[in-house]
Amino acid sequence: MDLINRIKDKFKDSILEAFELKPKRVVVKVSPSKLKELARFLKDDLNFDYLIGAGGIDFKKENVIQVVYYLFSTTYKTLLMLKVDLPRENPVIDSLVDVWEAADYHERETWEMLGVNFVGHPNLTRLLLPEDWKEGFPLRKDFDLSPYQR
Amino acid sequence: MSEETELMRISWGPQHPMSGQFRLILETDGERVTKIIPDLGFTHRGIEKILEFRNFVQGIVPIERLSMLDAANFNLAYVRAVEELADIEVPERAKYIRNILCEISRINSHLYAFGLVAEAAGGYPAVFLWTVADREPLLDLAEMLTGARWSYSFFVPGGVRADIPKGFKEKCLETLRYLENRIAKYKECWLDNKVFKARTVGVAYLSPKDAIRLGAVGPNLRSSGVPLDLRKDEPYEAYGEVDFEMVVLKEGDCYARLLARYLEIVESIKIIRQAVQNMPEGPIISLPKPMKKKTETLQDLLRLAAVGRFTVPKGEALARVESARGEVDVHMITDGSAKPYRVKIISPTFRNLYVLSRLPEIEHIRVADIPVILYSFDPWYLDADR
Amino acid sequence: MLEFILEFVKTYWAQLARVIIVPGIAFVLLFDLIAVWFERKLLAHSMLRIGPLHVGKVAGWLQIIADFIKLLAKEINTPRNANRLLFNSLPILLVVIPTTGVAFIPFGQNWIIYNPGGLSLLLFLAVMSLTVFMPIMIGWASNNKYTIIGSLRAGYVYISAEIPILLSAIGVAIMAGSFDLVKIVEAQSKIWFIIPQVLGFIVFVIALLMESERVPFDIPVAEQELVLGWRTEYTGINFGFVMMSEYSAICSWSLLLVTLYLGGYNGPLIFGDRLISSISWVLIKLAIVVTALILLRSVFPRYRIDQALKISWHYLIPLAILNVIISAGLTFFFPQLKALIG
């Protein structure tokens, strides 16, 4: 597809994976170092101006935390899932708040739920969890649920 | 003693007559508001985590708890994600029934939103309770169809739980006629009310550019002049086969946001009427391809789910559904078992509240505008907190 | 002793009846109770609800008394850093002041508690304007952010309401040629002042809504923004006093409206006796005015504070001044008009 080809042409080896899940759903996986550059390219050149959300998935077996940005282009009417794999021990990634302002809350949520550290985020503080929350990241697969189960 | 004026920080909620389970931290300089900080999380229940421990049929119940008023649309987003993964072809008749319930749910939610804006602008006006009272026939209609008034749990992977009961069509058309008469009255006494216009026209203007930049969603986005409606963009279920208009306004203020909801009620009535009249005959449920049978019933699905044999292949799916408050996305990752590996829900209120916290033109906002602006965005804190 | 009391009652029965029954204490208290019940019932019907129903068999008429007893039984909380003396004493003053206003309203030709030698209108306005200070003091004494915002709003709104009220009342006084409320009522025996003073009437009604904190000008108490504005911190019977003062103020202001524009106690002798029919006419007119005030609540949203001040200073006050000029001109250049109207 045209979109994937343009991304692949520009970023070549940094694109680890790019395919069309189904019509109007594109998945692009990029290496962490190129994330911000790709984000700028997507926004400025391919017109993915509307950020729908961001979240993360904890793949415990692969020892990977995957951060996903859900982007939408108001011109192509296509949803693009921008994925990036981070090591589980120390997930650090550049914040995309200065590219898409709307990523603010989503990154804060991902930070407190999965422990992904977004470098450059203006206000990385608790959002949904209580202010005095100490232990662990609830959406990780190894989060100890026993205190919350009856 | 310092001569500087201090900003007053008001904790607007959670114990406040208008705030709900939610808090706004307002920085005010007299009547001027200089900063709005939404404080979420009072109703955080970890639905995304809960869903990881439920199989694909059980998951229907927790996801509805995200938005009780608009249960059908949230339910649909989850079910559609499962269907996409399990490769289920939904029967035509089930699609039409889904449409009807989704639109009933949407009208329900919009009526409530209308009433809340009315109440936010004034001291308990009559319109607020009119909307509550007029939801009653709709709830009866939903009860007739699904057996429940609020949380329907009516859509299951592969179709719907039950067929249309006898006499539903007539009652539905009658209810729609009643509703059309009533909402004409709303316009007369509230939308055309000069005082209400004075309170809302031009308040909290959101330009199309800002709406896109800040990630506004649903009627809030469309009332700012951005034509994005999933029912039109990627018509799911039977939305491609019914004739309706996308409500797009360009004013982008509180009044436009309310008017957009009002006009969407009119469109929803149109959709229900067409869906009820043009409904094809046929089965209402189908099973995934590997489990196909000659006649498929709800019991087959439930039996499969109960013994853990309702599995979907490993993979991921992203279902997008236009709920009353805007788009709901369910991103489901599966590992081949009977339960999802991870369900990421992107809910509309979460995104709308971010818009609220970064409202452009905040220098024109007064303390008195806060409830009007907040409820013009139609927040439902449960779906923001998840 | 008993003889003395009997003698006292025999001599001063009229004064006692005026102070205690009508238009005195019993009337105002009863008005508060009935008005609250009536408002709840009427608003409920406009909202497709039923309203109070069970307490007292007939349309829940005992509900308000039950609520009042409940408020009496409740604990009175004083916020930690509040000014205890002011906080707890002001609600009583708040009830007293609007109730005092009733003393100057004629319910019949001689049926008035106190007629201060032809200045009753001025004295009424002077007494009622004391209420302006109450919200400001209460808001400060409660030491709460909502009460402070509410009390500042109350200060703005009350002052913007007092001036148009005074100016439009002056228009009436000019046309009647007196500040005496009895003379003003007498001057309306042919035509009520609502007709020659229609401009002043409109100004007066809008300013009255502001002054008595009714929708669409219930800005100082705006529940949706400020919880209950300057009343937020009150609990128990203190809250009851605040509510009573609200309805007492409505009572006094509505009575002034009736007296100035709707002909006061003028009306045909429906009950034979002159006094009783005079009192009845005042009550009937009062009921109509109060019903109209209540119904506004189900129709209108609330104005924002800046819009309300703009309405007052940009429209009401100039209109009221215009009205004064017109009244003065008419009275001066067409003295025969006076003979026509009264």
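Labels A, B and C are assigned to the chains in the order they are written; within every chain, residues are numbered from 1.
Note that in this section contacts are C-beta pairs under 8 Å (C-beta built on N, C-alpha and C of every residue); 3 or more make two chains touch, one makes a residue touch a chain.
It should be emphasised that the depicted structure is a prediction, and the values quoted were computed from it without experimental measurement.
Enquirer: Considering only which chains touch which, how would you classify the arrangement: line, ring, star, complete or other?
Expert: line
Enquirer: Considering only mean CA positions as chain centres, point out the chain farthest from subunit C.
Expert: Measuring from the centre of subunit C, the most distant chain centre belongs to A.
Enquirer: Taking the mean of each chain's Cα atoms, which chain ends up nearest the overall Cα mean?
Expert: Going by the distance between chain centres and the overall C-alpha centre, it is B.
Enquirer: I'd like the Å distance between the centres of subunit A and subunit B, where a centre is the mean of that chain's Cα atoms.
Expert: 25
Enquirer: Averaging only over C-alpha atoms, locate the centres of subunit B and subunit C and give their separation in whole Å.
Expert: Between these chains, centre-to-centre, one finds 46 Å.
Enquirer: Please work out the Cα centroid separation of subunit A and subunit C, and write it as a whole number of Å.
Expert: One centre to the other, that is 62 Å.
Enquirer: Which of the residues in subunit A come into contact with subunit B in the complex?
Expert: Residue positions touching the partner: 21-22, 24-25, 49-53, 55, 57-58, 68, 70, 74, 77, 79, 81, 100-102, 104-106, 109, 126-130, 138-139, 143, 145.
Enquirer: Okay, in this complex, where on subunit C does subunit B touch?
Expert: 43, 46-49, 145-146, 148-149, 152-153, 215-216, 218-219, 222-227, 297-307
Enquirer: Once bound in the complex, which stretches of subunit B touch subunit A?
Expert: Residues of subunit B touching subunit A: 40-41, 44, 46, 48-49, 84, 212-215, 226, 228, 233-234, 316-318, 320, 327, 329, 331, 333, 341-342, 344, 346, 350-351, 353-354, 358, 385-386.
Enquirer: If you look only at subunit B, which of its residues touch subunit C in the complex?
Expert: Touching subunit C: residues 8, 10, 16-18, 28, 30-31, 118-126, 128-130, 133, 189, 193, 195-196, 198-199, 366-371 of subunit B.
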